[in-house]
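A, B, C and D are the chain letters, set down in written order, and residue numbers restart from 1 in every chain.
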Amino acid sequence: MARRSKIFDSFAEAVADIPDGSSIAFGGFAYPGVPFNLIRALLDQGAKGLTCITNGTGGAAADRMPDIGMLVENGQVAKVIAAFTAPTRASDRIPLTKFVDEGKVVAELVPQGTLAERLRAAGAGIPAFFTPTAVGTELAAGRETRRFGGREYLLEYAMPVDVAFLRAWKADSSGNLLFRRSQRNFNPIMAMAAKLVIVEVEEDFVEPGAIDPDEVHTSGIFVQRMVKIPPPPEGLWPGRRPERVLKS
Amino acid sequence: MARRSKIFDSFAEAVADIPDGSSIAFGGFAYPGVPFNLIRALLDQGAKGLTCITNGTGGAAADRMPDIGMLVENGQVAKVIAAFTAPTRASDRIPLTKFVDEGKVVAELVPQGTLAERLRAAGAGIPAFFTPTAVGTELAAGRETRRFGGREYLLEYAMPVDVAFLRAWKADSSGNLLFRRSQRNFNPIMAMAAKLVIVEVEEDFVEPGAIDPDEVHTSGIFVQRMVKIPPPPEGLWPGRRPERVLKS
Amino acid sequence: MSTGLERQQIADRLAQEFRDGWIVNLGVGMPTMCSNTPIDTDIIYHSENGVIGSGPVLPDGQEDVHLVNAGGQNVSLKPGAAIVHHADSFAIIRSGRIDVTVLGIYEVACNGDFANWKVAGANGGGIGGAMDLAACAKQVFVILEHATRDGKPRLLAQCALPVTARGVVTTIATNLGLFKPMGDRFLLREIAPGVSVDEVRAATGAPVEVAVDLRVIRTL
Amino acid sequence: MSTGLERQQIADRLAQEFRDGWIVNLGVGMPTMCSNTPIDTDIIYHSENGVIGSGPVLPDGQEDVHLVNAGGQNVSLKPGAAIVHHADSFAIIRSGRIDVTVLGIYEVACNGDFANWKVAGANGGGIGGAMDLAACAKQVFVILEHATRDGKPRLLAQCALPVTARGVVTTIATNLGLFKPMGDRFLLREIAPGVSVDEVRAATGAPVEVAVDLRVIRTL
């Protein structure tokens, strides 16, 4: 029996059934590995009351690609969990700030390593763990800490998510993924943490077996849906020279 | 300033300074990835009072390669931490059994996934975590458990080690490692858990840059010493056809 | 020696429970025989040492010496396979992504407890990945001879040996039939050809309920 | 505007503290300027997004669009580089393998506390990887302008802003000098050319002890 293909024809189709209230993890750090095309499709799809898990929400830069800040501005977001919930430079403005200040969006600030480890824990069946990060800071106020070997650690909980949006470099049709360079970032651990994993892929799909099993970054068992990114201008390609991305 | 090379000329030299009382993690599952040559060198070197962390101690099979059981028989081992501390078949005998029965060696039995996660936690700066494994069993008797989301979990602690012995397929001179197929097993996480990582390598060393950074399994920042395995009979090659190992 | 099904036939019956797309983990021994069963479902075999998508065991002379399954056999890889390290392999297990694990065991109780890591009087045991798999797989199938070599029942009201996990077994396959633990009894779903219900009851250490639609196992 | 060293000169002085073989993590902003300093030590640069062994920032037109450092700049890779995912990158950080992290900050106290993630009155903040790095790196170097734009001291007896980590800073480089937190005071190890000790004391919000072997910073 052939199972349904994981390859979808459009981003719209791939995100069509995401319900209101979903928690969605968005891969990416700076622009590499950010699922811009899936974010744009989600802006069109319109699901509301979302919890967005992401390193940052974007919107500080002038040349703006689809970002979590736009989902916020579009009224789709109830909560953001991120390592940046305000700009680091006082002079910058990000769209999230206004919504948080007005009480329309809840922002949970999480140190980046803790964010990564909470996602990894969810994907590893570990409900909670201890970390030295944030001990003695405002973020640890009133929370459970414990000493191991003379040092104080903070209890942190796994962060499972309903959906992960990823951007990968190459994929085979069974869902095995390769990320190129720092495109990898949060993508593999978000794939592990999610029930439904949707991936935008830069290169043409290859047959199963074309990627060496030793080189796979994310196994196809984690991946349910994939869409090939069309060439620009239809598809969104970050950075200045998408033609080199396609060839490298 | 050039740092000292990580490439050692002999296994004897690579293990010469391991002191009595060290904790040593041994990579490998069945025979792939087992550091047979380093184990043999350690038998010759003679360090005593060792704590050996390993999936199993070996010695049940007829065609015996250097294994932890031999270190036990050689009087070098104080403690074994493993997922197998007795044979699964009642008819099998393993060398460890006699020493445990006589109280000469302490054996700590750890479920394999917990063993892996405790090593990974040590390499990730996580002092303790909760796992569902072993809850309700003899191994959890009297130990701390806790409920998360209606399910009971067992508290487990990180397992840092002094030394890790690994076997890799390829390496560059800066210590970046590639493992082939199921040779990977415990090797990368033991590298993360150890202060001193010593690797026996099957293929000739390549220059830094010859391994694609996206394909590295263990970064050279984890690796301090490497030795090229000589061809048989001088070097130990598991399985039946080492000539294919060298060429594949 | 034993009545009812041969070992491969027990595995065959269990393998027919696998559903299309399942991720299946087979333990050492009889469980790996499930991969010999010709079934038309698309199964992904996972083994605890980090192999996702293994294929048949390779004959002597064709082995890949870097590649073994959980039982140390030289397996092949199917197209689309991937390798992960041990922590990631057990991340897959603990996070509940294994649809079924099939384990060879010593004994099972009608409350779903089972034992497979420590024999009576032993100083230590062999757990391997069984405790992680038992605690975390979506379903736990166990496969065993219905009785010990000296004729004692291995399907019991309560486990006598130290358990591997509690209340997790969903399906039991033995040489005498296919069973489901029901709390205070075993449900006999299917019976081996040539075996009577009375024989099953006599060989079982807990009450046996016979399914209203009891069928005889069709051997392949 | 400010007296003493230029920004690149502050970074240059700090980079000379790096020792051969160190794994160094540079924060966004002034810290990354340390990688411009010509030093003859063999440093491995780690960035929080999983890049181990990055090289210089590439000029426009030569960027690899898949590769950025923690500040989003298109860097290169040195031979022997490796890429890991975010959980493994912070495993490296939390397990204490980073020899030094250099962070740009708002303020630092003589007890070693520092603050760099939340400005006064803000609703939220930008932590990034700074809390993990500050809590776990073997040494924490901080780099900052000695005073705020309106002339207030940023080297203080106690942090006014929410701290990033407590008691972790080992070396402080500012436009006025190189300092070490000593608990109840700062030790002035080196002073910027053309700056007097009195000027340093006047610009600092805690007692300043002058090193017996006080030197003038040699600019490159």
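The definition used in the following text is that contacts are C-beta pairs under 8 Å (C-beta built on N, C-alpha and C of every residue); 3 or more make two chains touch, one makes a residue touch a chain.
Keep in mind the model is a prediction, meaning the values are calculated, not measured.
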item	value
Identity of the chain that, by mean CA position, is farthest from chain C	D
Pair exhibiting more inter-chain C-beta contacts, B-C or B-D	B-C
Rounded Å distance, chain C centre to chain D centre (Cα mean)	57
Centre-to-centre distance between chain D and chain B (centres being mean Cα positions), rounded to whole Å	37
Whole-Å gap between the CA centroids of chain B and chain C	29
For chain C, residues contacting two or more additional chains	77, 83-84, 87, 90, 93-94, 136
Multi-partner residues of chain B (each touching 2 or more other chains)	117, 120, 124-126, 131-132, 180-181, 184, 213-214, 217
Chain pairs in mutual contact under the definition given at the outset	A-B, A-C, A-D, B-C, B-D
Contact set on chain A toward chain C in their complex	1-3, 120, 122-126, 172, 174, 176, 192, 207-209, 213-214, 216, 219-222
Footprint of chain D on chain A - complex, ascending	29-32, 55-56, 83-88, 90, 96-97, 100-101, 107, 109-114, 116-117, 119-120, 131-139, 169, 180-189, 217, 238-242, 244-245, 248
Chain D to chain B touching residues, read off their complex	20-21, 23, 40-42, 44, 46, 52-53, 77-84, 87, 90-97, 136
Parts of chain D lying in touch with chain A, wherever the complex brings them together	28, 47-51, 60, 63-69, 72, 74, 77, 83-87, 89-90, 93-94, 117-119, 122-132, 135-136, 162-166
Residues of chain B that touch chain A when the two form their complex	117, 121, 124-132, 146, 148-149, 151, 153, 157, 178-181, 184, 213-215, 217
